Amino acid sequence: MNFADMLITILNGTIIFSTPLILAALGGVINERSGVVNIGLEGLMTVGAFAAAVITIWTGETLGLPGWLAPYLGIIAAMIVGMIFAVPHAVASIDLKADQVVSGVALNIFAAGVAMFLVKKLFEGAGQTTTVQNVFTKVNIPFLSDIPIIGPGLLKIYPTSYLAFILVAVIYWMLFKTPFGLRLRAVGEHPRAADTLGVSVRKVRYIAVILSGGLAGIGGGTLSIAISSNFQHSTVSGHGFMALAAMIFGKWHPVGAMGAALFFGLATALAVSGQVLGLTQYVPSEFLNALPYLLTILALAGVVGRAEAPAASGKPYEKGSR
Amino acid sequence: MPAVVEMLGITKRFNGFTANDNINLIVQKGEIHALLGENGAGKSTLMNTLFGLYQPDEGEIRIRGERVNITDPNMANRLGIGMVHQHFMLVEPFTVTENIILGMEPKLGAKIDIRKAERQVQELSDRYGLRVDPKAKIRDISVGMQQRVEILKTLYRGAEILIFDEPTAVLTPQEIGELMQIMKNLVSEGKTIIFITHKLKEIMAVCDTCTIIRKGQYIGSVAIQDTNVDDLASKMVGRHVTFEVDKTPAQPKGPVLQVQNLVVEGNRGADALRGLSLEVRAGEILGIAGIEGNGQSELIEAITGLRKIKSGSVLLNNKPIENKKTRQIVEAGVGHIPEDRHKHGLVLDYTIGENMVLQTYYQSPFAKRGVLRYNAIYEYARKLIKQFDVRTPSEFTPARALSGGNQQKGIIAREVDRNPDLLIAAQPTRGLDVGAIEFIHKKLVEQRDAGKAVLLISLELDEILNVSDRIAVIYEGQIVGIVQPEETDHDQLGLMMAGGGKGKGGK
Amino acid sequence: MQTSRWNAILIPVLAVILGLIVGGLLMLLMGYNPIVGYSSVFQGIFGNMYFMGETLRAVTPLIFAGLAVAFAFRTGLFNIGVEGQFIIGQLAAAWVGAFWTLPTGLHAAVAILVAMIASGLYGGFAGWLKARLGVHEVITTIMLNYVALFAANWTIRTYLIGASERSKDILPSASLQAQWLSDLFEGARINWGLLLALIFALVCYWLLMKTTTGYELRAVGFNPHAAEYAGMNVSKNIFLSMLISGALAGIGGATDVLGVNGNMAISAGFTGIGFDGIAVALIGNNNPFGVIFGALLFGGLSFGADNMQRVEGIPTESIQIVISMVIYFVAAASVVNWLLGKFRRRQGVSQK
Amino acid sequence: GTSNNKADNNTQGGTTGGKKMTIAMVTDVGGIHDNSFNQSANEGLDRASKDLGIEKKVAESKRAEDYTPNLNSFVKGGNTDLTWGIGFLMADDIKKVALANPNSKLAIIDSDLSGDIPKNVEAVTFNENEGSFLMGVLAAKMSKTHKVGFVGGVKFALIEKFEYGFKAGVKAVDPTAQVTAVYADAFDKPDKGKLLASQLYQQGDDIIFHAAGATGDGVFAEAKERGAGYWVIGVDRDQYDLAPKNTLSSMVKRVDNAVYDVAKDLQAGKFEGGTVRTFSLKDGGVDYAPTTKNNTPQDVITLMDDYKKKIIDGSIKVPATADEFNNFK
């Protein structure tokens, strides 16, 4: 394999691997910026992955809608289902003043249970959905994808990856340029201050948690319909936690989270090419497979330094308390 | 014309505790109305009720003669009520402008029109003489400017009735002067101000009327021209209060703390102390006067081992302690009443008893071979609570639930009772009522009389002048002069603090 | 005072009951009879001595994992790395147990000690990174989980390999099993690990609440600034907390190897015990005794659930959903509080 | 010896008495729907219950510690006639439970219990290396680039059987062809499978054989996305449905047949306790999938059949480990 080819695959791999992480981490960013911790991202991704697979199969294969349309419907379904499943977490952490970590843990267990239960119900006892036939295919941007290396590597990617990058921009804009974003961040930093200015902490947090569910849902959806072509119990195995890590790594900033996810994807792609290039003759595959995780720690320790969580994150807000 | 604010028979209870008990407050348009009471008397509660943060259990509120039900701050805003809260309600990582427009953002399409917002803030700022930098981040600006941001927040919302809940507690004398002027400006524009402060002089200086409450109950209202400081104080506390600190001349002995040519880096990299030298002797109170941010915090942190010393020396009882661990310094005989009691002075989730042994928990009799002896700890705590009159339901009450004054008394009890050779007291009376201040000053003098060295850092010139035996003026990381309190006054100190002073130099 | 202590017990119990009710409704919705389901879960836990013994065996590592998470939580740290620390503990115990020769009893003790040290250092590493370089412990511990998994697999394959992708069996001298105990529970693999777990819960409580070390750790957890001002070494305490947390997880791993399996398998994935530990700790309100309660509840339900599948053919997902409901209501204890308040008020009124 | 007799007596009593036979299975942590050997075993039992009228019971293990109690819950009650442990990870547990309950019968898939088999256990293994050899033949023959890949799940000895059988098959046909073997170190990471496949394809491999469980789903996804000319060879069951245009073949492993056969024997009173029963090419225990013909020319299939004959008659001995492979031919 020549150098250019290798670069293309590594870039490609990076993007494939990071797309779901970016999306879910964006959800995490919105969520925690509003002052609600969400370790339920894993569960939200799970139901998203489930919904995307099921709806794509149903619309494309059962209803016979056009093949190109089905996966988009799947992604939309993933978003909606993610939003719905975020509601109990929102209720618990906003209205019931529950411990947000516990509620997130409950969400993870609940989501996995429900998704697998429904898979068995819908697919006659099988442990996975049937194979999704109408998956996303990579799209070319005319002309641009003809640019050597970065063309095929970076610009010929799944629509979901484009979506991820676009959403990074949109959420950046939303958080830092719009009134809602200002309010959302204020609520996460100093809810009382926002409250005294007539900003409804409750409303803002509800919206944030539910939006976050939608994003994590889409993230999960990309796993099932752009990567594994089906849904089963292991489709989302630890991605939610990795997204959480990316969110913190990226200092609770959408662009930072994207950077962290891309970094992790790149490290993984590099480790994989290490194997393909035969490095396993010299180092065990376990080492190569552990490398991305080690590199992440190293990067954090070496370059990135301290980051502060939003001041009020994890704390339920009670009106009139001090 | 009806009064602009009428709060009639307001009662507010928290889980059975009555914070406001049938209180009346009547404020006329265009006046500055003082609300006076001890710590915990219920002033903030009453104002929070007016601002819609709390709902009264009984009583009614009339605004401009009309009966209203203020359900939330939005409603208060609509009624033209704005509030500057006792504890700042500012979002630290936000800019001044962002804090001001939050909740009422000017828009350009779907975006915040930040240009326009900044312009509006600038205009407001110019109009009322409230100097702020619209683009600065809150965490980078002085407390005084933060206070002005709080005021601008209310003006931006078009408030006609302004509530200032203890705005001066954290301000420097200069800033207080400016604030008084601002308040007068506002009133002359037709606004009405309710002003809470523990500093009776301020009330005498700017207010028209004063309403006094005590332990949640309405005591009465007086016109300022008919009253004086002593009268207000005794109405508020229920007994006579002395303002002069009762003390004999100091009889200093040998030096306890010697600081020489201290150079220390500040938070932003530049040197905050630039060759500072000073000396505190046994049996004297050395007051440090200075405008906030001239190196006071860094000096304390350097002495107590919380900040690295670049060069210079610190001797405690003639033994070097520079760059030692905090614990070693504490054990060597340094006590420290920190400026920020919530952040640095207490573990709020610990009981008041546990807080009493925050530095000594590992020593006998509180621990034996690494095991805590809670009996001894709580017995000790009971002793201190009694001795220092800390008002708390019990020694098992979380420190969080105590009022600020009583929290401070707890810290002072802890630090004084350890009997340190050097006691550093940073802003020990900030936010406290006159009764509590009197008590704390007495304790500092007692320490001095017991032959200890006391280093008092305060922004309050009255406090410095009343309590200190010698006054060192700090400016830009150096001591620019040392004066005797009886030989100086506000004006001279003020001048020196601004860097324009004369003095005996270094030591 | 009296009522608040009662509430501490009453509220979680009511939360569990509420969780079971809502879970039962969901089961009904899924088309299963919750009464049948719950009674087979009950059978699967209490049906015979063997099941009881195995339930306790399943609960044992959860207590350790729960303690590990809770300990870190109490000192202001979120240790998601219990999973990895557990694996390191398993690995160390498998090595010492199989490759060292020591007298019976001492061997087990040494194996546990080595496991404690190894996983303590592993957890402590994350603490050190946080204290020294400010790296957020949530990220490092997530990453270190994977590193532990891969490292353990490689080590077993390369150095410890015995039969069928497992490390060599530990020597009998290192075993934590007790024949009489096992016989009492009809051959269940309940072992000394359970006693150790209970002891360590006590030790944790004692360490946190009764010692100067615990006083410091909690102070740093509550307010690092004040702790620093009072002369405590915040960095040291962060490291120490993660060290102890990791060590607790490690003992759990060791008892798993020495008491249950007798070896460690090369594993294609996580045991899940570390993650369950988060739920267990939080159900137990991060109190060491609460952790025991949480582990019994969590471990009991998920172990008993297997019986539901074996006997009634009800898929285990449904009990998973029930467990999540229980956790949810424990988290949202205020609902219970609120219901309780309503109930009490009504009672108060009717008494008048 | 004595215990075995007792066990036999029991069964005979049970079956001749006309009582409905009960067979239970305990899955490993993959669960009953793992798309792999657990699922296959379950299908075998389903078939047995339909054809032979046995009653089936299942327990899914959530983690390794569940194996023993799951096995015991069937064995101890004494109302199952045979209890299966599916997967070599259960070897230890099966052995211990069997020794503690000499009156019951157990069986295990994919392990010979290191040769030390209790009298009441029937061990079932498969010669995956033989089937994989045929896949190697197929790949070597079909590759245009003379480069093929192998994606393994976790480096278990079992998975290495696939790897080296495959490599040997390639070597037999095209000694110069290059085989790159990589491991995901997980059976449950389709995204990693996809990455591995994409890099293998990119370096010029045009055929990838996987033995990686759900990780392999990613390999299919990558091939499907790349379109014509990129091939996958599936594993365990016929995986043609995953990517009909890109699936060359699948190395099927008939765990279902094994389970069914043992049930049938049991009903007939035959239980080969204490022995290993190996399923291989000879008895169709491993084979290439029938759908192979869809994408493979007849001459290649003929060649595969030739090799199959040679393996069956013993003239080719297929390696199963790295050492055996290095000594192969």
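First chain written, first letter: the chains are A, B, C and D, and each begins at residue 1.
The rule we apply is simple: a residue touches a chain if its C-beta (ideal position, glycine included) is under 8 Å from a C-beta of that chain, and two chains touch if they have at least 3 such contacts.
The structure displayed is predicted, hence computed values, not measured ones.
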Tell me the fewest steps from chain B to chain D, where a step is a jump to a chain it touches. 2
Taking CA centroids for every chain, report which one is farthest away from chain A. B
Comparison of A-C and C-D (more C-beta pairs in contact): A-C
Here the gap between chain A and chain D, centre to centre from mean Cα coordinates and rounded to Å, is 35
Quick one: report the Å distance separating chain A from chain C, using the average Cα coordinate of each chain. 28
Express in whole angstrom the distance between the two chain centres, defined as the mean CA positions of chain B and chain C. 46
Hunt down the residues of chain B that sit against at least two other chains at once, touch-wise. none
Per-residue overlap in chain D, given as positions that touch at least 2 other chains: 155, 185-188
Please set out, as single numbers or ranges, the residues of chain C touching at least two other chains. 150, 153, 269
Could you please write down every pair of chains that are in touch? A-B, A-C, A-D, B-C, C-D
Which of the residues in chain C come into contact with chain A in the complex? 30, 78, 80, 129, 133-136, 138-140, 142-144, 146-147, 150-151, 153-154, 158, 269, 278-279, 282-283, 315, 317-318, 320-321, 323-325, 327-328, 330-335
Which residues, counting only chain A, touch chain D once they are in their complex? 1, 5-6, 8-10, 12-13, 16-17, 20, 120, 125-128, 130-131, 135, 137-138, 223, 227-230, 232-235, 237, 268-269, 272-273, 275-278, 280, 285-286, 289
Contact residues on chain C for chain B in the complex? 210-216, 218-219, 222-223, 225-233
Per the touch rule above, chain B residues touching chain C in the complex are 304-306, 325-327, 329-331, 336, 338, 343-350, 354, 358-359, 361-362, 367, 370-372, 374
How about chain A: which of its residues touch chain C in the complex? 88, 92, 96-99, 101-103, 105-110, 112-114, 116-117, 120-121, 237-238, 241-242, 244-245, 248-249, 284, 286-287, 289-290, 293-294, 296-297, 300-301, 304-307
